[in-house]
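The same subunit A turns up in both complexes below, where it pairs with subunit B and then with subunit C.
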Partner chain A sequence: MQTDVEGKSVAARPLATPEPQHGRYMISIRDLDLFYGDFKALEDINVDVEHNRITAFIGPSGCGKSSVLRSINRLNDLVKGARVEGQVFLDGEDIYGHGYDVVELRKRVGMVFQRPNPFPKSIYDNVAYGPRIFGVRDRAELDQVVEESLVRAALWDEVKGKLKQSAIALSGGQQQRLCIARVLAVEPEGILLDEPCAALDPIATQRIEDLLQELKKTYTIVIVTHNMQQAARLSDYTAFFMIENQGDPGRIVEFGPTNTIFTTPEDERTERYITGRFG
Partner chain B sequence: MMGEMHVPARSRARKTTAKTADTVATVVLWALALVCLAVLGSIIGYILVKGLAVVFDPKFILGKPQAINAGGGILPFLLSSIYLTLLTMVIIMPIGVGAAIYMAEFAGESRITRLVRFGADSLATVPSIVFGLFGLALFVVAFGMGPCLMAGALTLALLNLPAVMRTSEEALRAVPASYREASLGLGASRWQTIRKVVLPSAVPGITTGGILTIGRILGESAALVFTMPLFATKAPTSLFSGGAAIAPNLWYTLTEAITPDAQRIAQGEAAALVILILALNLVARFLAHRYQARQGMVG
Partner chain C sequence: MELRRGFHEQVDELNAELLRMGSVVVETIERTRQAFVRFDKDLCRQIVEDDDIVDDYRKRVEETGFELIARQAPVAVDLRKLIVIMRLAQHLERMADLCVNVCKSMESLDEQRISDWIRESINDMGVKAVQLAEQAITCYRTADLAMADDLEDQDDAIDRVNRRFFREFKSTGEEDIETAIRIVMISRFFERIGDNAVDVGEHVRFMLTGSGTL
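And then the complex of A and B:
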């Protein structure tokens, strides 16, 4: 018997359930293979992402964690030669299905990248970017969205007096929280974070982690991280990715509640990785 | 001295050699930079020393050109040059930047785009007198425009279009992919991303290309020899009327003019041209800086 995040006993769930359960899970990835040209980057990926939980993807560099993340809001579409087989369900609907609205998808599932990438615009214009794209013109409404998003991203107090200043002048940690605010402004349901703290110092990292704990009350979060302590501290579920040999596709070795993965992993490779013996 | 004894002789020698090389390189590079500055400074200095006194004479700068008598002014030439520059830029920028957007954002990499790029780069090296002859054949003769402002502007547009397109394309390519990803990731369409993020981010680079083009337009004479009048007493009053730009008129004044003070007029024109180019550069730079500050592009 193992316990999930609420401390209730649940059956071990080493891999995703065979049939997607739409009520509990926001995102269900089924038998996903990803190709870059002839190269198979991912094979047989199955993950369920529960509503209002933080799901972490861990594993060695280059094992395809980010690629999975990017296929959840179809950013891989932009990569020439990238091709996906299998399904990714968002609330029961296959996002790779014919005629699926990619713009709507990206609005519902926002992405925060490894390096903070604010636009070379003012703080205000960065946050207002998404709402403006979706046609919000009313000044008062924009003001409100910008303030709310910055408050939620725990940045408001630091920038409220200088919204017209360039976002480029902010520190790395502030820029990353600005990028989170920018995503929050389009009112997504899910947030994907691709190693959001990789370029940040420990204090800025701590702030982002606190923020994510707060945000999961409202949003469903998936985070890729190289930092295992971060995954252990932060996440409710963890998927461990690996490539067996150079040139092989990345696979999920084990997926389950974070405390199970970090205390009693089923797979020996998971244990070796989390205890730091390889990778 | 004790400390140094522990350093092996060879290592010490290597360190000294590296230091010497460093000093030599610094001195040589400094000298080369100074040579460039000296050449530039002496040309501008010579032009200004010879011409400033002429330029500051209001009768010269604001006066009417004279074909035969001494004491002619250059105001119509200055105005012609300014009109010509504005008209050429109005023609060139939308086409050049539009083509650059297509090349950088939509065309992808194929044999055809490589061919277009190669063609543009080759075209940029064609001597301007060849464009002048082409403009004569096409605009002046075939289209029946005669030598006029529009014929000159179209010829200069052809001459400078490849460079504008290529510099704009490079500026667009230099916009980090992370901006595009961020925008698309927020649900923006490709066109929204280009219009609201990529293009504004490329404005400084595009402006730099534009400023260089302004300088080339103002200084161009060969391409205008057959496409605009070389001498006219009035500035153009319409797109298709004549008017002589200052650079080709400078050449004309020194080689063909029969006014007794041709030498003095040429010196004044040279100084006026240099000052005009500097002034337009400063204005363009000022506008670009203000745009960047307003956009919040600089921290």
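And then the complex of A and C:
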């Protein structure tokens, strides 16, 4: 018997449940395979992402963690030759289903990347960018959205006096929080983060981690991280990815409560990876 | 590719230190048994003096374990092993302390008042305590879960002898009160050594499986 993040006993979650449970989980990935041309990059990916929890993807480089993350808001659509089989349900609806609105999808599930990528615009315009695209024109309303988003991203106090200054002048950590504010401005339900702290120093990293802990009260978060300790500190659930042999597709070896993964993993390969016996 | 090799070597070294401590403690229990059977008060004093060696072992093991946890952030089997090594060091130290208690209790005992059945019974307990301590260390060293679980059954034998003293003293009434009390205490100290061995077995179970008592 395993326990969930609140310590309640739950049956060990099989990697492939036949029917996704849409109430508890915001995102359910079912039997996902991903191809880049002829190359199969991912195979048989099954993950349930619980509402208002942080789910971490860990594993060696090149094992497909980011590809799965990108498939959740269909960023792989933009890659030539990329093809997805299987299903990704967002609140019960298959985002790869016919006629699914990708713009709406990316509004509901925002993405933050490894390198902070603010637009070469003012701090204000960065945050207001999304709402403007979605038709917000009223100045007072925009002001309010910008302030609220920056407050939620724990950046407001540092930038409130210089909203018209270029975002490029901010420090790396501030830029990353600005990118999070930019995502929050369009009122998403989920936030995907692809190694958001890889380019940041330890203090800036800690700020982002604190921020994510705060944000999970309102949002559902999925994070890809190379830093296993970050996954251990931050996440409620952890999925461990690996490729068995060179050229094989990436698979999920083990998925469960982070507490279990880092104290008593079930799969020996997970144990060997997290204890640094292979990498 | 083996990563974190330096860290795993440090864990291996700590493990070796704990095993050295274990052999010192087993030897201490055996010497304590001999001291009682031969009623050798010089040996008793030596055992009391040598207890510092065991205390130093425990201190070194705990300090190193603490430092490794702080600096290496171990997880999963590494974390369980480090925690268990530190716990085992405490139990081993406690076993040696109980030997000291036996030796100190002998100081004011009069050999003439120790009847043969008492000497034999305490000897039996001493033999069993040595076996239990050895088995506890071996199950840890060889990661043998069945051997760890077996400790509790083995410990029953020592408990039975311990209970026998109460019965015998009550029924025969031969010994004077002070001798009876001291012998019951000595019996109890050996019995506690067995309990510590059982605890070691439970920690080994936790280390190997992640379940049970930490």
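Basically, the second predicted complex is superposed on the first by the 277 of 279 C-alpha atoms of A that agree within 3 Å, B and C clash if a C-alpha of one lies under 4 Å from a C-alpha of the other, contacts with A are read in each partner's own complex, and residues count from 1 in each chain.
Assume a residue touches a chain if its C-beta (ideal position, glycine included) is under 8 Å from a C-beta of that chain, and two chains touch if they have at least 3 such contacts.
Not measured: the values here are computed from a predicted model.
Colleague: With both complexes overlaid on chain A, does A:T275 touch subunit B (first), subunit C (second), both or neither?
Modeller: second
Colleague: Please work out whether A:E104 is in contact with subunit B alone, subunit C alone, both, or neither, and reply first, second, both or neither.
Modeller: A:E104 sits against subunit B, while subunit C stays out of touch.
Colleague: Determine, under the contact definition given at the top, whether A:M228 touches first (subunit B), second (subunit C), both, or neither.
Modeller: A:M228: touches subunit C, not subunit B.
Colleague: Check whether A:T264 is in contact with subunit B, with subunit C, with both or with neither, and answer first, second, both or neither.
Modeller: second
Colleague: Would you mind checking which one, subunit B or subunit C, touches more residues on subunit A?
Modeller: So, of the two partners, B touches more residues of subunit A.
Colleague: Once the structures are superposed on A, label A:C179 by its partner contacts, choosing first (subunit B), second (subunit C), both or neither.
Modeller: First partner only, subunit B.
Colleague: Taking the superposition as given, does A:K121 touch the first partner, subunit B, the second, subunit C, both, or neither?
Modeller: A:K121: touches subunit B, not subunit C.
Colleague: State whether A:G59 touches subunit B only (first), subunit C only (second), both chains, or neither.
Modeller: In the superposition, A:G59 touches no partner, neither subunit B nor subunit C.
Colleague: Would you mind listing the overlap between the subunit B footprint and the subunit C footprint on subunit A?
Modeller: No residue sits in both footprints.
Colleague: Across the complex, what residues on subunit B touch subunit A?
Modeller: Contacts found on subunit B: 108, 176, 178-189, 192, 196-197, 200-201, 295-299.
Colleague: Could you list, by residue number, the parts of subunit A that touch subunit C in their complex?
Modeller: 228-229, 232, 262-265, 270-271, 274-279
Colleague: In the complex of these two chains, what residues of subunit C are touching subunit A?
Modeller: Listed in rising order, the residues are 1-4, 7-8, 73-80, 209-211.
Colleague: Would you mind writing out the residues of subunit A in touch with subunit B in their complex?
Modeller: Result: residues 73, 75, 78, 80, 103-104, 106-107, 110-111, 113, 115, 117-123, 125, 129-130, 132-134, 164-169, 179, 182-183, 186 of subunit A touch subunit B.
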